[in-house]
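Next come two complexes, and both contain chain A; in the first it sits with chain B, in the second with chain C.
For the complex of A and B:
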């Protein structure tokens, strides 16, 4: 048990609004070992970000509420922690990088001050001491330390994302959650940021949950991949398995929508038909059944359990049970 | 930054000269003869004519205006027609009380307004939010004279009857204790504006991504709200506070009357009523200068709050 850094058991997160309840995350099970990189992929609205916010207990409440499950971090359930204890974990042991670097830094404080704030908070040192750590962290993400007193508006998008990475890693967290860190950046800057994340992960031996809908990003950093659909994990397994031997009809559809460079003759992609269901009106049974080419009568009645088809490769589909 | 301030101060000059021209023109073409006013209705016409000549009232309009401007540069605003004292002195006597009162009142307004605005915004749609908004509404709709009289009744009259001394004096000016009640009366009236604008501005800022970032760092909610959010939300609050401060500096006739404060509001009303045109000119000129300075101060505060604005002040 102790070798698991993070274990999520049957996590449910709901958003309760006047129009109804949006079931964003429905019974997710996930494990992460120290130093491991997990890619969490899925379409927009699949519940990836909600899962991440759930781990930090930052789901906006109201309307969001964690309605069930356990999140064990080093064996302790984060959902039972007091808010004060949670604050000591956030930014210290578990850090998060957000999607949009342009809006994720506070415009009225210098970047150094924002990094130093994190350090001084968790390591009980003065802001001044934190500033020297901030300088160090900036150098680590290849920003000159002399820019520590500059403000966010004086940096480009890629640099701001690196500042956010520096901020997230300033306290050497055991777990970093990166929520689509490259989505808002252009391709060359994406590569740069990915390089930095990869390099730093090795250097400080942090676990990573890389949330993305970009399979290229996943292939680059992850050792394992989890595929999420309508608030559930449909398939999870080692990177190679998921890329070359995916089993779940949804995963097959997902890879069917990537152009194949060896087969330029067929110009059409084969995406999955239909749209992801509204989280307010999830279908009965397997949430994918209305779009699934392999759907059986059973699929609309019962929810499939996760089945291990190969060591470490799990699929939630009746085709395999 | 210094260059910017100097630039702004210089650009105030044409604005103020423009104001003097408009005011001078309005007073000049208003019916009524200052010489007659000064000497009384029964004065012999020859006497009045001599007075007109002495005051320069027979000169062409532009010559009169030129003389006025010329005097202005020597801080000579002429003499009050009712008391005969220099206008400059009349204003200098009244201005300190008004500035002190306005400053105290705006501090009260900002203190109440910002705190209630934050409470309302962080607990949106709860009892606290509704309560803060109700108090704000009460503040604007309650007449100044009523609140003033009630406070006098409680803190001066009842207090004296019960405890044998006056907690806050009901009239006069000079000490901090004199300032308390009028500042609260004026402050509550203006706090409502600041409450509303703080609330809406905070609601906007609290939705921003960087607030989520701040929370994800493990900062406690108080630091998130009062440090990370408030500073970003302050811009419209400062604008509103500056405007309100300008209004307060114009003096409050009612409050000054109730608490017997020798302020600018009463001076202006009295001088308009008695067609004391030199004094009216002087007072309005003073207002123009004060408004320009307050505007400049607000712009400088923007730069102090938000580094992005400093870039523009080159």
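For the complex of A and C:
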């Protein structure tokens, strides 16, 4: 058996609306090894969250539909699973943490009860046993186990996010998908949560897909980084390659947009002009060509394939093929 | 000597709540020189937006003075206040709720002209609107568009054009880019840069993102629970922070430069409640360097070296 934990092949996710079809994810290929941390970055509407929901088969249907591709988890295609089988995977083998810690917790149950419910469902143990696991998990995210009977409103934003992390990891999942887990938090609280995530990743052999728009957060946890634009992966490679030797014109514009606090001169930013296209009206050819400073005639006709320019560093751009 | 455009002295704003007085802004002092950008940073709830609103009298202060061009604006009557409003304007955080959905782009930008009864000639007004749209980087074809037709970046540009139409000297920018994606954020930051040069503007730039604040500011004031804890040139604050809170804040920023890893200071706990705070250093409960004497007296902002103000007994 291969050492791949997750393999996404040519995934397409569309949203059918009255105004037309929004092509949110268009042919994504991605692999993840056990224990690996992958950062998935891109701006609003790039399709990051849809990709994540696709993996868990949680794309709201209707209007969303997975229209093509395969998602192989330990060699088995999740798209062929029955809903009953998927339920056994979600929260058990693959867990997800969402952006907003308040709406992801149920306000009428204690946090311990919510963690215990997950454990008892998936591991076939009593709620009582689940509660002791909940206590253990809370300690792991540095919340006193004595708070197991407290309700979500009694916790601050950063602690709620830690509760969600505890819940997501309670069944020892093989894969954790974290969708903007620290975006809603202040920086000093973000730092607390990131420390916990980093520490846990070292302790348990869980793979992580970290979805974020914040390249600084990506730099902290990821070994590899995938850059998404208009439903496609434009560049993917080892962390250092992407941060110091990015090749795709979109990635160059993305890094040119970020004020670097270590740049003492405050050099003028060099963002890409224009806006990301609407998923309903994607341009022909390379989705980036209307904004690309290096666009060629070919770019508006054909879609570039992903090319390996260095070991493990792939770029989807005609400049490199 | 630099020319002070605005100076605030011991500014206070308390809100009565059921639990007691909420000290949103509690004795803030700073000044802004003509033509410079002062960055005001802090985490949510520290009082930075309230400070911005107090400066333009969108909220009335509980105490303290706001001196603009040598005059105390709190003593202004209605007429003088209207005049002040032509000189000082604000750009808001949320480009979705700060524009009237029933007004077109042209109407939104020209509303300040209507209120102040200038450019009453239709042709002159339209010319002015188009001029402002060009400065703000909005295509002239959008003059009759409504806010819902625009994306966040363009809406923010409309808000900027509206703020600039009366040729103000001073702009309060309240988290003007935090609702935007990074590439749009960069476009708007460059726009602020260009406009400052073009119109000789003075900015108070309020934000929680220290990387962004450092990028635009000449000097930075760091706020914590209604008070300024450190206030100095941007390089002093970012590269040699002195107050323990500033040190933790700077160290907590996720960095994109892989080779500049620093030791991270993780603060314990959360920001305490600003309702009826204790009369000593607000940072005491989370400070790594706290001493017994910190709890025995109040602490005020003091100049510890030329141009650098710190509010910490250990550094004074």
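Rule of thumb we're sticking to: the second predicted complex is superposed on the first by the 312 of 321 C-alpha atoms of A that agree within 3 Å, B and C clash if a C-alpha of one lies under 4 Å from a C-alpha of the other, contacts with A are read in each partner's own complex, and residues count from 1 in each chain.
Throughout what follows, a residue touches a chain if its C-beta (ideal position, glycine included) is under 8 Å from a C-beta of that chain, and two chains touch if they have at least 3 such contacts.
All values reported here derive from a predicted model rather than from experimental measurement.
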Original post:
Overlaying the two complexes on chain A, which is it for chain B and chain C: clash or fit?
Top reply: fit
Subject >> Superposition-derived comparison: chain B or chain C, residues of chain A touched >> reply: C
**OP:** Give one of first, second, both or neither to describe whether A:186 is in contact with chain B, with chain C, with both, or with none.
**Re:** second
Original post:
Looking at the overlay, does A:215 come into contact with chain B only (first), chain C only (second), both, or neither?
Top reply: second
**OP:** Give one of first, second, both or neither to describe whether A:91 is in contact with chain B, with chain C, with both, or with none.
**Re:** first
Original post:
What is the angle, as a multiple of 10 degrees, that the CA centres of chain B and chain C span when seen from the CA centre of chain A?
Top reply: 80
**OP:** Scan A:251 for contacts with chain B and chain C and give back first, second, both or neither.
**Re:** neither
Original post:
Is A:316 in contact with chain B, with chain C, with both, or with neither (first, second, both, neither)?
Top reply: neither
**OP:** Using the superposition on chain A described above, determine whether A:50 touches chain B (first), chain C (second), both, or neither.
**Re:** neither
**OP:** Check the superposed model and tell me the shortest C-alpha distance between chain B and chain C, rounded to whole Å.
**Re:** 13
Original post:
Of all the chain A residues, which ones make contact with chain B and with chain C?
Top reply: none
Subject >> Touching residues (chain side chain A, partner chain C) in the complex >> reply: 43-44, 156, 158-159, 186-192, 194-195, 213-217, 219-220, 239-240, 243-244, 253-262, 264, 266, 268-273, 275
**OP:** Enumerate the contact residues on chain B facing chain A in the complex.
**Re:** 208-210, 212-220, 228, 231-232, 305-308, 311
Original post:
Across the complex, what residues on chain C touch chain A?
Top reply: 43-44, 151, 153, 181-187, 189-190, 193, 208, 210-212, 214-216, 235, 238-239, 248-258, 260, 264, 266-267, 270-271
**OP:** Enumerate the contact residues on chain A facing chain B in the complex.
**Re:** 56, 58, 84, 86-92, 95-96, 98, 100, 103-110, 117-118, 121-122, 151, 153, 164, 167
